[in-house]
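The following pair of complexes shares a single chain, chain A, combined with chain B in the former and chain C in the latter.
== the complex of A and B ==
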């Protein structure tokens, strides 16, 4: 942890970055985001196994971008999001440095997309073991059972859009959900509208989701909503072999037109 | 509130017999926003159109729905009519009551109800229509012709003669294509090269034509009127400006054993060569795959022999970028090789040859100076069997289609054999004789009746070698399937004409469609035969399907006429039904997030990006930008965009949504 704090102090002192985004102690032993802008605040930074949140969501915010050059304490999901955001032209190449704490306790500074790409390639699969198990259980159900499961779960959705706000890939300035000419999706949180909202969100994240699980953690009523987007992502990866968050160049399966596509109808 | 007019057409009995047209008009009167509704027998007629115009003036309509046939049929008619009455053309929509309703349903109340629903959809749409103006795109007034065979030559000359610049790209080192290989041409038996070479010279001398031989199209982007083409001019290793075509180098080359593709492999050429004596341009090419110098050996005999020092071993491929307004595809065909026929020996019998090889033997410029010999021992064959439909009209082993030219050239081949060797016997196995064309049937009759060519109706099941003869086993179906066996000295396969090699890749570069066989597809088989599915790209000759010289020349001139018509205008009007990225007040500027996922999704490469800047030139936001000249209005980007920042003019999200919600 000291290595990380020292690194952050150095970066701020030398003016290489203006803000270090990391984790600090929150209430009840939880970890919350920390925006360290002066050397004095460096001591707030912590790093341990509880630092699971994806901090990449902050990188695209206008108010954060205004602060200047950013260093972000990055776990695997944050790194993947960083790459995907770069691929989608939301982050300029080199605008963000990632600080990665290795298992040995050393701190790596990955200051360009190339370095992040190479590091991500060494990381294991992004889905946690617990999520993997839940997803497999869900997939073992019949279609009807699965639909019943989601209908049951989504009944509780209050459409607070916490999942959307927490998602690093939901960076759009104006969301389809807020569009009212035409009103694609009803605003009220009733059964049909809820299902519509979450289906649209899963489709928008298919081929883009970095499987950080942030939306599931953000849900105030405890819907494991991340399983929906993770499954969509997994399907795309399986069927088109184009995984999200592994490269800083765009490789979006649902938006790729290729004259040599294996499906002949498209040519 | 809109003031819309609804006009319901009976289309004679076509709609009127199944749909209660009067009821439709009556019910439409009560739809919100409809100020006037009426029905009429034939709205597309002049009195019908006048009714629309009168109603627009009388009821001060601001939009029109015509409930009639498919918009593909008469949308332009009705749009013109409303324009005459002072409305914007795009304030008129067509509800398809014929193809979508009356033709596919029985007469019933529910049919009429469906018709009313179809009108209601369009009423809701027109309410939200916005006046649109056609897009004016400037035209680059020059053309690219791909392929230097007779089709390309004719098209290039016609376009150039009309005063437009032409860039002609030919893959091989010389112009001429297959026609330069032919001996005599049916049905007049005039010498192919004699009629072709003046045209080749015309091309090379024409002030409006830039000829690029030994070159290929590398990359094409852009759209009708504005294509940007990268052409790879392959290194000849001979400086075209210095070379005088004296031919000294050809004599000195020590490599003499390269199969001559111009002679269909029947003779050998050197590593530095000119494809044929009358070649245009008459500039040699070094075949680097066979040249000793390029195989790492010491040799520069050609360079030493060259009086003008034109041999440049260090020449590199050049990429030439050109801008053109139109493209003519004239890439021709290839013939199926003898190796494709297992029952005729898989190409292992040297004396089983293709029609194109026979042409080289019969040609005065060929490997035998026009004496018909056989490849195995160079003797003049006494008995020659010609097999029409080798691979054609044979779905199981070859291609389904008729190669069209074979009946005629087989008759010609048999005739030429008899003319050159009066004692020779010529047999033709055929399925049917297809000799439709001016003087064509007379020509075949002449072969049979005057020259004594034996025509046998039947297929050949097998050919094998025995005692230096080829045993041709077939059946004569006119004699009730009687087996026939002929001991032949040579067999000529009128093998199927296929799409030229590389045709598929070129079609993809050009974004033009191909048919199931791989030939370039025409936009409409009857009414747009020389246009491709991509606007501004035309086709001529056998790249579309097998065809003979007169037809090819006619088609090439037709394509040239299309090109000339296009290039005679300075601007091109395009339908304004294109997608656009929206704009919003600051600080959003646009719903577009600039993720540019749409960029790769666009099948027409119409999407790029643009920077929204403030007064001082600082970039505020980077957003997607759709080029209206390239956009085809397919809507792929619209459905892909997460923030609905893209909308299609004339088919906006709001319009489609309103249509659906009206049901």
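== the complex of A and C ==
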């Protein structure tokens, strides 16, 4: 932890960055985002296994970008999101430095996409073991059982859009969900509108979701909503071989095609 | 309502340049097919947003057909290739969410395939008549807020 704090202090003191985004102690032992802008504040920074949040969502916010050059304390999910955002031209190459704390407690500074890409290649699969198991369980069910599962879950959705707000990949300034002339998807937390909203969200994240689980953690009513986007992501990976969050130059899988894409259901 | 009285409502989203012309050829060739279908003409399959399919169900369709030019024949060169990728993910995702994808038929019907269109529509209509109304989707409309 001291190594990380010292690194942050150096970067700020030398003026190499104007803000270090990391984690600090939150309520109930949880970790929350921390925006460290002065050397006096580096003592707030913490790093441990509870630092699970994906901080990449802040990197594209105008009010954060205004602060100047950014260094972000990055876990695996944050690194993947950083690459994906770069691939989607939301972050300029090299605009953000990633600070990675190794298992040995050293701090690596990854200051360009190449370095991040190489580091991400050494990491284990992005989907957590628990989510992997849950996905496999759902896939083993019959269609009716899966429908019942999602109906149960989605009818509890209160349409707070926390899943959308928490996702680093949901950076559009205005969202079709908020369009009310015409109103494409009903805004009320009605089962039909809920199904439509979550279909749109999953389809829009297919090929882009870095499987960080942030949306599921953000949900106030505990819907494991990340399973939908993770499934959509997996579908793209399985069918088109494109894993999101692994390269800064990946073409959007649904914005391109191959003439020999293989399907089994078109008549 | 007795079962034999059920007639499926089918919405077909077709592209202007191939399937719509193909369906027209079915008519001008005086080939008969079942009339359960409502055709909606779009410029290209690339225009078929996945939400159109869900909206068709939300408005009471029991089945949906999506059809356009064969690969390599799209009037806009690659609209159908892009659409195909989207359908591949959509089809998979909807299966995962438990929607009844037996009710959605994707196909390629060219402007010369009037007979294929008639056969396709007849087969889909018969199949949907067996499956019955898509009540599990239509139920959602009246669920929640009364």
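Here is the rule we use: the second predicted complex is superposed on the first by the 255 of 267 C-alpha atoms of A that agree within 3 Å, B and C clash if a C-alpha of one lies under 4 Å from a C-alpha of the other, contacts with A are read in each partner's own complex, and residues count from 1 in each chain.
In this section, a residue touches a chain if its C-beta (ideal position, glycine included) is under 8 Å from a C-beta of that chain, and two chains touch if they have at least 3 such contacts.
Source: prediction; values computed, not measured.
When the two complexes are overlaid on their common chain A, residue A:254 makes contact with chain B and with chain C alike. Using the contact criterion defined above for the overlaid structures, shared-chain residue A:239 touches chain C, although it does not reach chain B. In the superposition on chain A, A:189 makes contact with chain C only, not with chain B.
Contact comparison for chain A: of chain B and chain C, C touches the greater number of residues.
Contacts of A:66 after superposition on the shared chain: neither chain B nor chain C is touched. When the two complexes are overlaid on their common chain A, residue A:88 makes contact with chain B while staying clear of chain C. In the superposition on chain A, chain A positions 184, 254-257, 259 are in contact with chain B in one complex as well as with chain C in the other.
Every residue of chain B that touches chain A in the complex is listed here, in rising order: 508, 511, 584, 587-588, 591, 593-603, 622, 636, 640, 642-645, 653-654, 657-658, 661. Interface of chain A with chain C (complex): residues 138-139, 143-151, 155, 184-185, 188-192, 195-196, 199-200, 202-203, 206-207, 228, 231-232, 235-236, 239-240, 253-259, 261, 263, 265-267. Residues of chain A that touch chain B in their complex: 62, 88-90, 171-176, 179, 181-182, 184, 204, 250, 252, 254-257, 259-260.
Against chain A, the residues of chain C that register as touching in their complex are 50-51, 54, 58, 71-72, 78, 81-82, 84-101, 105-108, 120, 136, 140-141, 143-145.
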